[in-house]
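First chain written, first letter: the chains are A, B and C, and each begins at residue 1.
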Amino acid sequence: MHRIKVKTHKRDEIIDLTRDLQAWLNEEDARSGILVVYSPHTTAAISVNENYDPDVKSDMLCFLKGLVPQNSGFAHAEGNSDSHIKGGLFNFSQTFIVEDGRLMLGQWQGIYFMEFDGPRSREVWVKFIADG
Amino acid sequence: MHRIKVKTHKRDEIIDLTRDLQAWLNEEDARSGILVVYSPHTTAAISVNENYDPDVKSDMLCFLKGLVPQNSGFAHAEGNSDSHIKGGLFNFSQTFIVEDGRLMLGQWQGIYFMEFDGPRSREVWVKFIADG
Amino acid sequence: MHRIKVKTHKRDEIIDLTRDLQAWLNEEDARSGILVVYSPHTTAAISVNENYDPDVKSDMLCFLKGLVPQNSGFAHAEGNSDSHIKGGLFNFSQTFIVEDGRLMLGQWQGIYFMEFDGPRSREVWVKFIADG
């Protein structure tokens, strides 16, 4: 298992991991298999999204802020129940296909760390499983 | 990695992939392991749902239309920020268990491609990882 | 593939599976690889959440009840379209990393079965894939 450090700067932020993940696959000389990308946090998530227009990311964060308002009369004393809920809705792990050493993504896809309770120092854990 | 072509006919549509996925496992003579099903798009998703009453699918699409309205004052110029958000909420990949050559699903489960910005020509990517 | 039986007691309930999953890995002497945790139901989900403050779980269930009300004019005659939608939003499978025989989770993370249409007798299916 490999750990990637991620530094976030805002309460809600979407950070591109694609380059770091491909770089690690290169270092490992990983050829064909699957890559599990995992967030060990409870107020963040791993997701996929468009890598081209930054408006897609800001639209998403803005929509989520309205969908799960921070102050919704939650009981949890830390005041971040909304962050836990967003993490659950977007998922803690994602599994990707690797072929010929390349992370297989659609043309417009990037892999993202979604921060819902920053700024914080975070980690992403990754594991490659070879086929055959 | 194998590619399955999917043709969608509406903006929002749920298409059953179960038969195609099992057929490919049969061709490959895949026995025991896991199957990763991946959508290389940013405005679609892979999910699981009831395979019996079609009302479950239409209820879900109708609910999502209300939850993430297409015209919510989004900035993204293509006018499909709602499709990106729905894709993220429903996930881009799903991992299934395969035993004795059979895709292990609950009695009422089917595996679905969820189109949120059709009609389009889409692909689903699949990879089988054997155990042992 | 191994089956874990889960008994739920309410319509909406979040049940910790972490101990059972680690116990099964111990029995199997599983060392390094990934663990796929799968729900064969269409009105339940597998997720991750905080294992410390029980308010996080009740806040989440309360929020979901408001987000997807049971009586939203759904067509599905069984009256549980809301449960199907919540299952889709929270996902049917999750993949975890295993190192040195240990399920790799963040300090505050637990793995949960999310019941959205109980009380019922449920199952969770698990499969371990070793690396190397």
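One rule holds for everything that comes next: a contact is a pair of C-beta atoms (placed from the backbone, for glycine too) under 8 Å apart; a residue touches a chain by one contact, two chains touch by 3 or more.
Nothing here was measured: the structure is a model prediction, and the numbers come from that model.
Matching CA atoms, the turn from chain B to chain C amounts to 120°, rounded to the nearest 5. At the interface between chain A and chain C, two copies of one sequence, fewer than half of the residue numbers in use are shared by both copies. Taking each chain's centre as the average of its CA atoms, chain A and chain C sit 20 Å apart. The set of chain A residues that touch two or more partner chains comprises 67, 89, 91, 95, 129. Against chain B, the residues of chain A that register as touching in their complex are 33-34, 47-50, 53, 55-56, 58-60, 63, 67, 89-91, 94-97, 99, 104-109, 129, 131-132. Partner chain B is touched in their complex by these residues of chain C: 1, 36, 38-42, 67-68, 72, 74-78, 81, 84-85, 87-89, 91-93, 95, 125, 127-130.
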